[in-house]
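Two complexes follow with chain A in common, the first pairing it with chain B and the second with chain C.
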Partner chain A sequence: MEILQLLLSGFASGCVYGLIALGFVLIYKATEAVNFAQGDMMMFGAFITIWLTNSDYNGLPFWLSVPIMMLIMGSFGYLIERIFLRQVIGQSQIAIAILTIALGFILRFVAGAIWGHEPHYLESPMVGKNIYFYQAVLGMAEIFVILVTIFLTFILYVFFARTKLGVSMVAASQNQLAAFYVGIPVNKMQSFAWVIAGILAGIAGMLFSAKGSVDPITGLLGIKAFAAAVIGGFGSLPGALVGGLIIGLIEPFSGRYLPSGFSHLVPYIVLVLVLILRPHGLFSQVSIKKV
Partner chain B sequence: MSDPSEIILRVENIESYYGPIMALKGVSLKVPKNSIVSVLGANGAGKTTLMKNISGVMDPEKGKIFLENEAIDGAAADILVRKGVSHVPEGREVFPMLSVEQNLFMGAYTRKNKAEIKSDIELFCSYFPVLKSRYKQQALTLSGGEQQMLAIARGLMSKPKILLLDEPSLGLSPKLVKEIFGILLKLNKEKGVTILLVEQNAKAALNIADFGYVMELGRIVLHGKSSDLRESRDIQEFYLGANQNSQLEQKRWKNRKTWR
Partner chain C sequence: MRITFKTSYDPDINLFKDSIHKFQYIFLLFFSAILPFFLDDYYLGEIALILIWSIAGMGLMVLVGHSGQVSLGHAAFMAVGAYSVIILQIKLGLPFLIALPIAGFLSSLLGILIAIPTAKLHGIYLAILTLAVSILVEDIIVLAEPLTGGVNGIFAPDIEIFSVNFNRYGNIDRLYWLILFFTTLLVIIYKNILRSPLGRSFAAVRDSEISALAIGVNVARVRTVAFAISCFITGIAGAFFGHFVTVFNYETFNVVLSINLLLMIVIGGLGSIHGAFFGAIIVGVLPILISLSRDRFLDGLGINLMNFPGLETGLFSLILILFILFEPFGIYGRWLKIRTYFQLFPLYRKDMFKRQKSYLKTERVR
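So, the complex of A and B:
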């Protein structure tokens, strides 16, 4: 029964890593830039949810504050792209990486200045509720996280496989030149990728705050999500989710069965192993362009 | 070519630069409706640059481009697709991980009517039957020739007034070139598709084109009806490979039209 609890908490944190990793991959595929602020955007989404929901602040009903948060985070992603990223298009990868790292720092300090540095807890309807399954105690919050992620995965799948806008985004990410030539406005697609990445980061933050405490340096777990994206093959959306789940599952199990301290180390050992054994990641889509 | 309303595309004296390098030094041409016009020339003659200028990927420094008497120079590529200029670039730029079907649907990105799009896919698949048999496959699993056919069919999906084809014969076997050019001619004759064809393979291009332009170092050096060009001594020697002899290099210098 202990295993069931470990599995659940592993899956739940894996979902959060997976959603942040999805944001990384989405922006990378659409714009060929890595957004190192993705983890901090997640933290920001968590704080906005808390700010809207908690009785100390606005005290909105949870189900109302989530769509508002998504709206704010979506606009936030859009503005970041328009104000900052669009200026450095065509610059070196390093310039873009440094820019997004700096953005991450700014978000961290802004969040600290607005909401303070002590941990915050979300007053969600799931707090403290458990389901008793045989002898296992399963947290409602964790089940909620997993269900939301499954639902979101389904929505994203339908969006990218079935809708015109989604397929055009995929097309633009696969061959920008050809997308340009068939009349797809590639710039708009890139802005839109940032909107979706902002919303995803917001949802990941909301889920994270539903199952634990949040403070301004929470965003640093974006590094684990980055590892998840690399394990998944950086460029594959399902890979990012699976990579997140792998990292999420490794943590509680290594924390339980290995000497203390290992739970933080093992995800990176797995990362190194994957990079050595399958350098393109587990789910890489290797395409060699024919000439 | 006398009635100007029948001219789909008119390029007037355009100049274009890559940084300090002048790639087009005043190029003019006309493409009449329902015709195939071919632009011939060696590597670096400026053919691809000309195409990019027409389709809006590059903007000319000087000169004018008209699509049915409307000035289109300086307009963005996605706007020009909507106006009816479709550019099939060199090197089969397909969407590798999308299926043939999705690639064709993307070609119709600028169109709304789903039923019409579907019937057009049916139509163009009947011209390129191999696409029908590969309909659900990812484009990267197609052979080079099939990818080229997909790129052309995708270019047609936007219902262009003029189709710009950049080196469709690149890297294909003579048999495939013959097949693809045969289909292009059929599309032109049966569906009235107007084509501006850029080619190094002069023989294949002149066989299907109504008119031809020859470019050298950013200039048009020769133009006329395809039948006349095929007869021309210069074309025969330099592009069609007639009179192969040891004196060719010397003659080439004597007969060159430009001296830069």
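So, the complex of A and C:
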């Protein structure tokens, strides 16, 4: 039964990693840039949810504060794109990566200055409710996390594969100039991608704060989500979820069965191995150009 | 503007353009060498630290600025340099002058071990891999406790060279001269690499891998060599850093340091040795400026900066963002523009350094 318990909790935390990874992949798919600040945006979303919901701050009901948080995070993503990313459109990936790293540092500083550095907890309606499943205990929050993640991955997958807007976003990333020539508003696509990424980060933050404590350093979780996105193959949405689940499942099992100290090495060793053996991830999106 | 009349190919690859150029650098070196006679120990220590950051920046510059591979894990190589120079001295009793190059070689060995299997990785993937390596090295240091002191850290002995003692607190001026000597040495070596065929092939690989292949550059080999040289220099920087801070543990060389190193050389200006130094000066001077402004102005206004931990990093990041938005070539790029403005006065045009507009294409289709 222990294995089942580890499996379930790993699945839930894997879903959070997967959600952040979805944010990475989304921006990568739509703008060909890597947003290193995604983890910190998630942290920000978590803090905004807490700020809206907790009785110390605004004390709104949870189901009201979530849409408000999504609105705030969406406009936040839009502002980041308009103020910073729009200026460097077309520049190399590395410039954008460094820009977002710096943004992440600033977000961490701002969150620390506003909300302080002690851990915060969300007062959600799910707290303390458990479901018993073949002797394994599963919190309501964890079930909620799993369901929301699977739902969001499905929606985004359909969006990129089936809708006109999604396909034109992919086109805008694959070749900016060519996309512009066929009438795709590349700038608008990029703004739109950042809005969705902001909302996704907000949802991931909300789910994360429903599961545990949040402080400004939480954003560093982004590195693990990064590993998840790479393992899945940057650019593949289901891959991001699978990568997140792999990382999430590895953690509790290695923590249980490996000597202490080794356990949090394992996700990174897996990452290094995947990069060496399958350089573009498990669900590789790289294809050879056909002439 | 001085016009050089070239009668052979040598002036194109000479270290110094002309005698004035040469004199400027000799004067700079002379000025740096006599600093200990004017400055008190605190500022001398800060300048020594700036020199150490410059060495580390040069190490990263070989990789990022000149061969076009981005590493987010150079703190790991600094860590290898720092730990190995001290362990070699304590456990094996080697003298500093022998332990230092060995530390560099060990660090460069790790770099080669990473570079060989990942020769096919590009851009962002390589950055992520090195980030993972940085995290792994941090954890391995904790696990290798008998050697590295684990969480408690390790204590650096004084440097002894031919029974001359170098200690940060006892005689910072000697340590400063030692670091200055090695910085100068590394700059000369670096500059010479850049004008050799190897340095040219670095630039070729950076600017276009396909063209480099076409003119017969062995891309995989050049990238590995770039990694090796970069890690060697960074390892040396780490060795000095270890001796400078005297006590350190795994946390000294965390991921944030890796990222800061990269941000540092981007602010300084990618693709030039000057950039490494300018970036290091910013990193070294910013905390001093913050603490000075805190003492002078803000306390009077009733603003207490101690309430905002991480202010330095926040401010640093803001400067970096402004640079990426308005001056992508960093401080050195701005300096070049100002210098050209005065050299060509009044003929300077605004678009002189403008590059062709670029459009991003996906890396997923090749």
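The definition used in the following text is that the second predicted complex is superposed on the first by the 281 of 291 C-alpha atoms of A that agree within 3 Å, B and C clash if a C-alpha of one lies under 4 Å from a C-alpha of the other, contacts with A are read in each partner's own complex, and residues count from 1 in each chain.
Here is the rule we go by: contacts are C-beta pairs under 8 Å (C-beta built on N, C-alpha and C of every residue); 3 or more make two chains touch, one makes a residue touch a chain.
None of these values were measured; they are calculated from a predicted model.
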item: Touching partner for A:A97 - first (chain B), second (chain C), both, neither; value: second
item: Contacts of A:V182 with chain B and chain C, given as first, second, both or neither; value: first
item: Chain B versus chain C as contact partner of A:L282, first or second or both or neither; value: neither
item: Contacts of A:F234 with chain B and chain C, given as first, second, both or neither; value: second
item: Chain A: partner with more touched residues, chain B or chain C; value: C
item: Which superposed partner A:M140 touches (first chain B, second chain C, both, neither); value: neither
item: Contacts of A:Q174 with chain B and chain C, given as first, second, both or neither; value: both
item: Footprint overlap on chain A, comparing chain B with chain C; value: 174-175, 177, 285, 287, 289
item: Residue ranges of chain B in contact with chain A within the complex; value: 55, 57, 77-78, 80-82, 86-89, 91-98, 102-103, 105-107, 109-110, 140, 144, 147, 151, 154-155, 157-158, 171
item: Contact set on chain A toward chain B in their complex; value: 164, 167-168, 170-171, 174-175, 177-185, 285, 287, 289-291
item: Residues of chain A touching chain C in the complex; value: 32, 34, 84, 87-95, 97-99, 101-103, 105-106, 108-110, 112-113, 117, 173-177, 216, 220, 223, 226-227, 230, 234-235, 261-262, 264-265, 268-269, 271-272, 275-276, 279-280, 285-289
item: Chain A partner contacts - residues on chain C that touch it in the complex; value: 64, 70, 117-118, 120-121, 123-125, 127-129, 131-133, 135-136, 139-140, 142-143, 255, 259, 262-263, 266, 307-311, 313-314, 316-318, 320-321, 324-325, 328, 357-366
